[in-house]
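What follows is one structure encoded as structure tokens, with my remarks underneath.
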């Protein structure tokens, strides 16, 4: 019985992130539009877009291979699984033990790997541009991410996100410099990994500035829908991670009762909405950088991560 | 009985080499020989597995003595946990490579240059891990080097292969000589040559330090630690592909075996500085190795540079294990050592797989240049699949095996702050960042390699016409694919098998994995960290099928083929695709402009000028310029100086003799 | 030749010494017979038969060791060496059968010179065997001097300007060398005669060793310096080596093989004999540092010189200098391990280097030149020959599974025990030499070449055998030694090593 | 007048005479003169040997003295003279080092020889004297060899070295005769070999200056 319950809780989270993901995009777009004095589309527009895309015919280039056709599913599945394993509304779900934060980074890398290959499959110049830049950015973002992971897991003595979140809820965290640095670093990585301004512009179709969009240029129909959904999921995942680690309050603890879980869901939705809005607000205040400025941006994130780790030793030894 | 049987099998290999030499040209010789090698390797694999399992049950390591080699000392053999593990590593890859060669061997245009040396090469590697005395070890070590050297220059008509062979054999000799130094120091200056005696009398600290230095150079030169790696990207691609696979996949591991055997087994208790040194070396090797690889456009050379990277990762694990052991953290040492040895196994699997796939590509197209391939996924779907799995594994992507060892290494890094030394506290996270960087860059590099070779449109007619290679070759690759997946989803089995090895070397082992719920991999405690490749794999498969099912059922399932969209640009020539070099351009600009002084020179003709524009890319390897060229220049200059100084007439030579005589007499007069 | 007469008389009294005399008499008689035989084939066959006879006698001596006398004796040290001498003489004789035939066919030498070659060849063997078997130190000198003279005759056999230069250089440098050695020998006698009884006993090495503990150290010191320089010249130690490359390059290849394989070995052997006397005498100069310096200088110098060679025989001549340096170094280091290594190295080098010269001889005949630049792609055009050379060069470079690996292994271990810096220098020398040898091997064997279909086949069985048999036999022996050394040989060497100190 | 030390003085004088002749050889610049002085050198040797034979009443030393006289003082100089005449090369040979320098160096060598042999003096002064002089003659002979560029002059130097070696024998009793005979035989044989080559070289190069041959040495420079 307990088994079924926990399986249900896990299943609910999978569905929850899937349901929330387009909403996050919608909120961001809406807030951005409002901040730039436009009305903007409804926050549910992304759902409509996805459904429309899924209904359309899929047009595939003549020379696209099986990899091109399979990649969207793998990308989507990998990100979905990763998102399902990040604590959102409750800690210690049954399968959260099967993957710690390092594995989640690994799953995202898996998704990116296949997306990048898909970008190269048709053999167009734009696919190449996008892929090559994406891999360059990720090669810098991943170490930065790992350094932040180091900081957090050294602090919590664990790499399990649930344990980290649980540790952050306890009183003995205090206000640590390391935590602040890690937060800043994680935000920067989130921006870079999800192709947000100032690293990439999800709204652009100006060829030479595209990164993510260039990679998926050849996709259409249901494939594109899956990829768009996967991108939204990835953003949700990062926001969930930010909130669960740095704003852990309100998450239901392991083995909590149903009402507490319900409260957890509600609080999660509030947190994610706020986070989306903050992200949107940030995006309107900055301009997109040149590609090679991204290097400095991410190096800064890496430095933050390293500094956070090292300061941790200092503060611990005092 | 397993040790004598193993030695009989090895001598069977050597006998086969002698027998096949005269008939190497016949068509059946290659099939027969590789078949035999396959059989022998499989049996040795079984012996290794069986011994390791028996060792897990507490069995003693069998010993054997033969009255060969150095008179009075003989040759000693021993099959302990470490040897058994490396026996498995060697023979797993060796049997796959042999199977591959059963089919692909008939494409070899110089079989007489390959067949006699291939079994000797296998025999040499097996003997190295079985030897239990200095002479036997070095003898087998050098036999391994010489046999592989012959394989490297098998296609000697290409001048670059000859150069590769030259550099290779000199570095191999350097390696042997440095190991000779190591053992000279350890064996009490030649007093006792068998390892048991060395174990019984651990050297003093000063001697141990010198020996460590020598052994790091000695095995590093063979394994490819930066800056001793220069031969590796030259030599590995030069050999026939299945041999390249073995050289990269397992010969470098035999070198790692040497390093582990000496540092953990023979050298006595370590100091933490040793660990720090190897850690730093490993980190440097990992990052520079992968950066080198990114700059390559020759498929096999790219793979060879990745070997350098992976050797660096293994060295990181070993260095950590030494540091932990020096501080008495046996648990941490066991974790780091397990990570390193797990990576040894993994790398042997996926690197052999990748080289075999590259060999299939080479056989099918005759090309190794990525910029002359493309679109092979259509003509060679199975090879493409195999290469894809190998790429994913080497890029440390879950749920494949490469990720597991990387994960274990990161877990080991995460418990390093418990080490008391501040240098280690700071160094280890940096190395961890380096590890992450190298994994990310490896992913980038394999996106490039797979993309350029298998995806896109064919850049040459040869790539256009490519078809799959023989069944047996495909089977060999698929077996390795299966091994990669298995080791990835059931890592607990491997970790458990490594328990006797780590117990032997550092006196501790990881928690028993087979008893963990859901076959989860646990590094130290489940609260701290855990990973379950199996569940992840099932999850991904489920979600992927679920989404596919959902999309197909609930939405459109129609599909139409059309021209590529490409932002509306018309269909262009395949030459407009991103090449390997252009793919690497952003990364090159970020990382290599300082390290490799990479420069791009664009020669753009003036408007109206009809000549073609040219882009020249120059990359300089700093190691050659800083380390090897000076040595070469010094030797040639010294040779020149000496030979011109001593190019004398008879009378002057007489004068020399006379001078020597007077000198000696003066010395004598003074001495008296 | 009156000394020889005395020798024969003395030995005739001793029946057990007959086998001991065969290695001396067989070449001597052969030299006389050869002078009378005009037909090359017959001469070549006879040459072989006499060499085989001497070799057979040497094999008999291995088991049945006659007691020595004041002139000749056989102990653990020279038993192995005489076997080696007669064996290499036999294989080189086999090789020379084909070689000289070819030289005659292309008209490089006339029949008379061919006959001279055989005579001198056997005379050389006589001299070398005499030097090895002699107990009398003057007889040793005599053997070496005679060997030098015959070798000079052979080196200049082609009468080209370069050959004449080589012969003259050999003559003058060798002459100085033997004169110095003679002076040293007389000084030894002086030391012995002032103290012990005079006469033959003061010249017998065995007697000298017994009385060595009350010799005058000053005389011995000076004597040893002269002997080291004198016989060191013959052994090709730097800086007395100048004759060696020239003589190797210009002489006919069978002689080169014997020079490299035997003559320099025998000279080093004699130095060893005197080293034993010196160490047996108290308060003398320690011979170790002297020999170490000569050895090390030879190794390093020869290793560097290898890079500058354009002539294939000269290349391997420098390699011989290097290896003599290694052996000298080993004896200089001393101790049971190093001395054992040195003895083994002498043996292995002798077999391997003569094998190399067998291969080189064929190659130079095929290509008609000794210039390295003109020798390319042997592995393609003549696979068997090319591979033979490749394996032999790997063996000489100290690669397993060949015997040189074992001796170098032991030596480096021993050098470590003495002075680690010494071992490092030796390693540097070995690596530098390997670099040069490999560079040339790459060019000679593994560069691009065309397979020549219509290769000349020798119809005569003997000549066909002479093409490959010597090379293969030597390589197999070196290979076997790398894997397993026969017990008796080990016991002798260990015994000698213990005595050499 | 003939004091106690007369035998010693006599031996001293003869050995010293050889050293002096060696010095003379050092600065002779004509071939024929060199050959004459070589004969003189050998004569002094023969006398020294004979004196010792007389002193020690050793018959074998008489034979050695006779051998030295016949082979070294008569046969070989005659042969060399014949060769020089035959090849018509009775021209001067120039010493490479200045005579003064060579002399100075020679004196240094004599001093070195004495010093090297000094510890042996404790045994018997005669032996010490004799060996020192022998060593000095050997060293001077070698010096002659390296200061000359003419092959013939070099051989003359070598022969004087050989004389010095034989001088060492003077001090010892009981040196087996067979050794002397053997050495003498080899010396003659060596001279024959040399003559053959010398002739060949002269025919081919029209010179006996060894520098002419340098072009043909195999070394690269």
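Each chain gets a letter, A, B, C and D, in the order it is written, and its residues are counted from 1.
Here is the rule we use: a contact is a pair of C-beta atoms (placed from the backbone, for glycine too) under 8 Å apart; a residue touches a chain by one contact, two chains touch by 3 or more.
All values reported here derive from a predicted model rather than from experimental measurement.
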Inter-chain pair with the most contacting C-beta pairs: A-B
Chain of greatest Cα-centre distance to chain D: A
Interchain centroid distance [CA atoms averaged], chain A/chain C, Å: 78
Chain C and chain D, separation of their C-alpha mean positions in angstrom: 31
Distance between the centres, which are taken as Cα means, of chain D and chain B, whole angstrom: 69
Geometric centre distance via CA averages, chain B-chain A, whole Å: 35
Sequence positions of chain B contacting 2 or more other chains: 643, 646, 650, 654, 661, 665, 668, 672
Multi-chain contact residues (two or more partners), chain A: none
Junction residues of chain D - those touching two or more other chains: 116, 118-119, 142, 145, 154, 210, 213-214, 217, 219-220
Chains that touch, pairwise: A-B, B-C, B-D, C-D
Contacting residues of chain B [partner chain D, same complex]: 643-644, 646-647, 649-652, 654-655, 658, 661-662, 665-666, 668-669, 672
Residue ranges of chain C touching chain B (in the complex, touch as defined): 168-169, 172-173, 176-177, 180, 218, 221-222, 225-226, 228-229, 233, 239-240, 242, 285, 290, 301, 304-308, 337, 379, 383, 394, 397-401, 405-406, 409-410, 412-417, 420, 423-424, 427, 430-432, 434-435, 438-439, 442, 446-448, 482-485, 487, 490, 494
Touching residues (chain side chain D, partner chain B) in the complex: 96, 109, 112-113, 115-116, 118-119, 139, 142-143, 145-146, 148-149, 154, 210-211, 213-214, 217, 219-221
Residue ranges of chain A in contact with chain B within the complex: 14, 51, 54-63, 65-67, 73-74, 76-78, 80-81, 84, 95, 97-100, 102-103, 106-107, 109-110, 112-113, 116-117, 120-129, 131-133, 135-136, 138-143, 145-147, 150, 153-154, 157-160, 163, 207, 217-218, 220-222, 225-226, 291-292, 295, 302, 305-306, 309-310, 312-313, 316
Chain D - residues contacting chain C, complex: 116-120, 123-124, 127, 131, 134-135, 138, 142, 145, 151, 154-155, 158, 161-162, 164-165, 168-169, 171-176, 178-179, 181-183, 185-186, 189-190, 193-194, 197, 200-201, 204-205, 210, 213-220
